[in-house]
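Across the two complexes that follow, chain A remains constant while its partner is chain B and subsequently chain C.
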Partner chain A sequence: MVGSGYEFTRTLAAPIDLDGTGRYVHWGVVQISVANLVVIALMVLVFVLAVLLPFPRGRKRR
Partner chain B sequence: MSSAAPAPEHGWTGWLRRRVVAALPPEKLLPDSQPAYMSSWVYLFGVATVSSLAVVLVSGGLLALKGPAWWHVSAVGKYVNSLHLWSVELFMFVLVLHLWAKFFMAAWRGRRVLTWMTGAVAFLTSIGTAFSGYLVQQNFDSQWIADQAKDGMNAVGIGAFWNVLDFGQMLTWHIVLFPAVICLLSAWHVLLVRLRGIVPPIDAPAPDTHLIPPGQEERA
Partner chain C sequence: MTRRNRRAATPESSAFPTRPYDLIKEVTIAMVLVAALTAGLAALFSSPDERPVTLGSWSRTASADFTATAVSELDGTSTTAQYGPPYNHTPGAGQKIGPLGLQRLAGVRIPIDTADDFVIQPLRQAPEPPAVTDALAAWSAAPANQQQAWASAYSDALGKAPNGDPAQVAPGGYGPVPVLTSRLLQLAQSGALDGELLTEGGQFYQTDYTRPLLFLGDGTYFANLAQAQHLAGDQWGMMNETGNYPGQAWLWLYTFWYQIEPFKSSGNADALVWALMALLSVALVLVPFIPGIRSIPRWTRVHRLIWRDYYRTQQPPR
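== the complex of A and B ==
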């Protein structure tokens, strides 16, 4: 019998399976894992947001 | 009434104190206000890097105290090991964003070349530290990485000196030598940032130009 704790863990683990074989993207001579590609995309997104989003004011600045 | 005269400053300690206080007075070393152009999220990646480095060092210190096999046999050890791994992930994430930001600002302007170089070398050192960390996990992953990496090290001629199959050597590099270099370079980097100031945007005047010695304005 499968307990609810197991189901909860399985639900959380379902989106990304870190125990399986990694998936790779092949683009000509470029070969990169999907995990690394996602991290790089996140970095670009955070960088763009950091540049574009307004910074809260309230502190005295020179 | 006579006022107390300042004590004479003799010897190399007095000389060093005068030089240090002149270069980095307290209000410059620990400022309580920042230039207006720093009102941007992009300026936070540097302090995020230092903050995550602190977590890396504390969690790594705990792992070093308990030994490299601790996380295999203890739930707390596994938690601390995970804390170490994910703080390193965050460290590398924000470190690269800091690098991108400073590259596009051309942050080596205004006599800040040494600031740029110390940051770049610290970045390269952190890659070596992370790599040696993978080698001391004491599992099949570290065995596979070491086995593959030895061919690369031998191919570039440093395999005899830097033996990735030698666990003791890699552990020493990972928990002593590399962290010492990173800490020294990071401290030097931050002091240089305080000394030279935060690099202004390319089209903005530097707010600290009054601190530049006469005759050297064109170098700023």
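== the complex of A and C ==
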């Protein structure tokens, strides 16, 4: 039963495990986690795309 | 051009070009996309899964730290014992902004006597061996200065013992303190102390973790765990999460102040940072009224980039 429970838990577990030791970047007084850096970079990317991508052009009404 | 002329030159709203726009469609697409993204990321990464730290796990993992902390609760030298409001009336304690004592203004709303609430009461509530009954009676019968002397002497002796091990403490005049702390350690290791500190609030639903958390926070074990996970105040901990999960990146400015002087070394850092952030928040709300700051969008011209199709069709200003 223990083995089947273990298998069941493994099946439900997330494919990417982020529970390990956190990775951090140190730059002078600044300490920031790599995960936070990635999220901030993604937010900046979304902002730049939102500004630069053209508005979708639908069919013009007559 | 005068202000009156500029106002007169503004065309009616109906004169502006218009375009059809399906707001409902956009909101629906955005909601579906965000829901799919949320479900997908949750399935891929799950969420932080740290085991809870309890008085039981602490006392089993770091019994010497637990005992030393229990003694500091008895002799009144723990962080909680000297915190001031809202827990006690420690003279001079509490954060201030200039002459304004914010903690003192709020008053003692959660009165805690660390010796009684964290050590003596839990021991009285649990079934006691005769030695513990005698120790409790001796403690209660002694005057406050005698209690203080016993606990301080035992605290010093623990500090000198190898690894702070109570079993290796040199003999001395510690009164009933070793018996009390030894029994408290047994209670904690059995898991009973967690429940007893929860019931001290006298409420039916046990969701008030103030007492066990304060006791836990008075030791070094919990602080060391936080330090190892980059969650301490001097590690930008407010914006971090356990493991490799992203945290609260939007708190960067709040936690930033704790990393620099004069806040870093100030005993009033919490009050000062709170006041500074309140001031900056008011400034943010008042941006449209602050000369210079309110002109930044006009200088950066980001709006012309967003509406570039429109501005491309406009006549260049003469």
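Please note the rule applied: the second predicted complex is superposed on the first by the 41 of 62 C-alpha atoms of A that agree within 3 Å, B and C clash if a C-alpha of one lies under 4 Å from a C-alpha of the other, contacts with A are read in each partner's own complex, and residues count from 1 in each chain.
The criterion applied here is as follows: contacts are C-beta pairs under 8 Å (C-beta built on N, C-alpha and C of every residue); 3 or more make two chains touch, one makes a residue touch a chain.
Not measured: the values here are computed from a predicted model.
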Partner chain in contact with A:Val38 - chain B first, chain C second, else both or neither: second
Which of chain B and chain C A:Val25 touches, first, second, both or neither: neither
Partner touching more residues of chain A, whether chain B or chain C: C
First (chain B), second (chain C), both or neither touched by A:Val51: both
Residues on chain A lying within both footprints (that of chain B and that of chain C): 39, 51, 55, 61
For the chain B and chain A complex, residues of the former touching the latter: 33-36, 38-42, 44-45, 93, 96-97, 100-101, 207
Residue ranges of chain A touching chain C (in the complex, touch as defined): 13-24, 29-36, 38-40, 51-52, 54-55, 58, 61
Partner chain B, residues of chain A touching it in the complex: 39, 42-43, 46-47, 49-51, 53, 55, 57, 59-62
Parts of chain C lying in touch with chain A, wherever the complex brings them together: 20, 43-46, 48-50, 229-230, 235-236, 239-247, 249, 259-260, 302, 305-306, 309
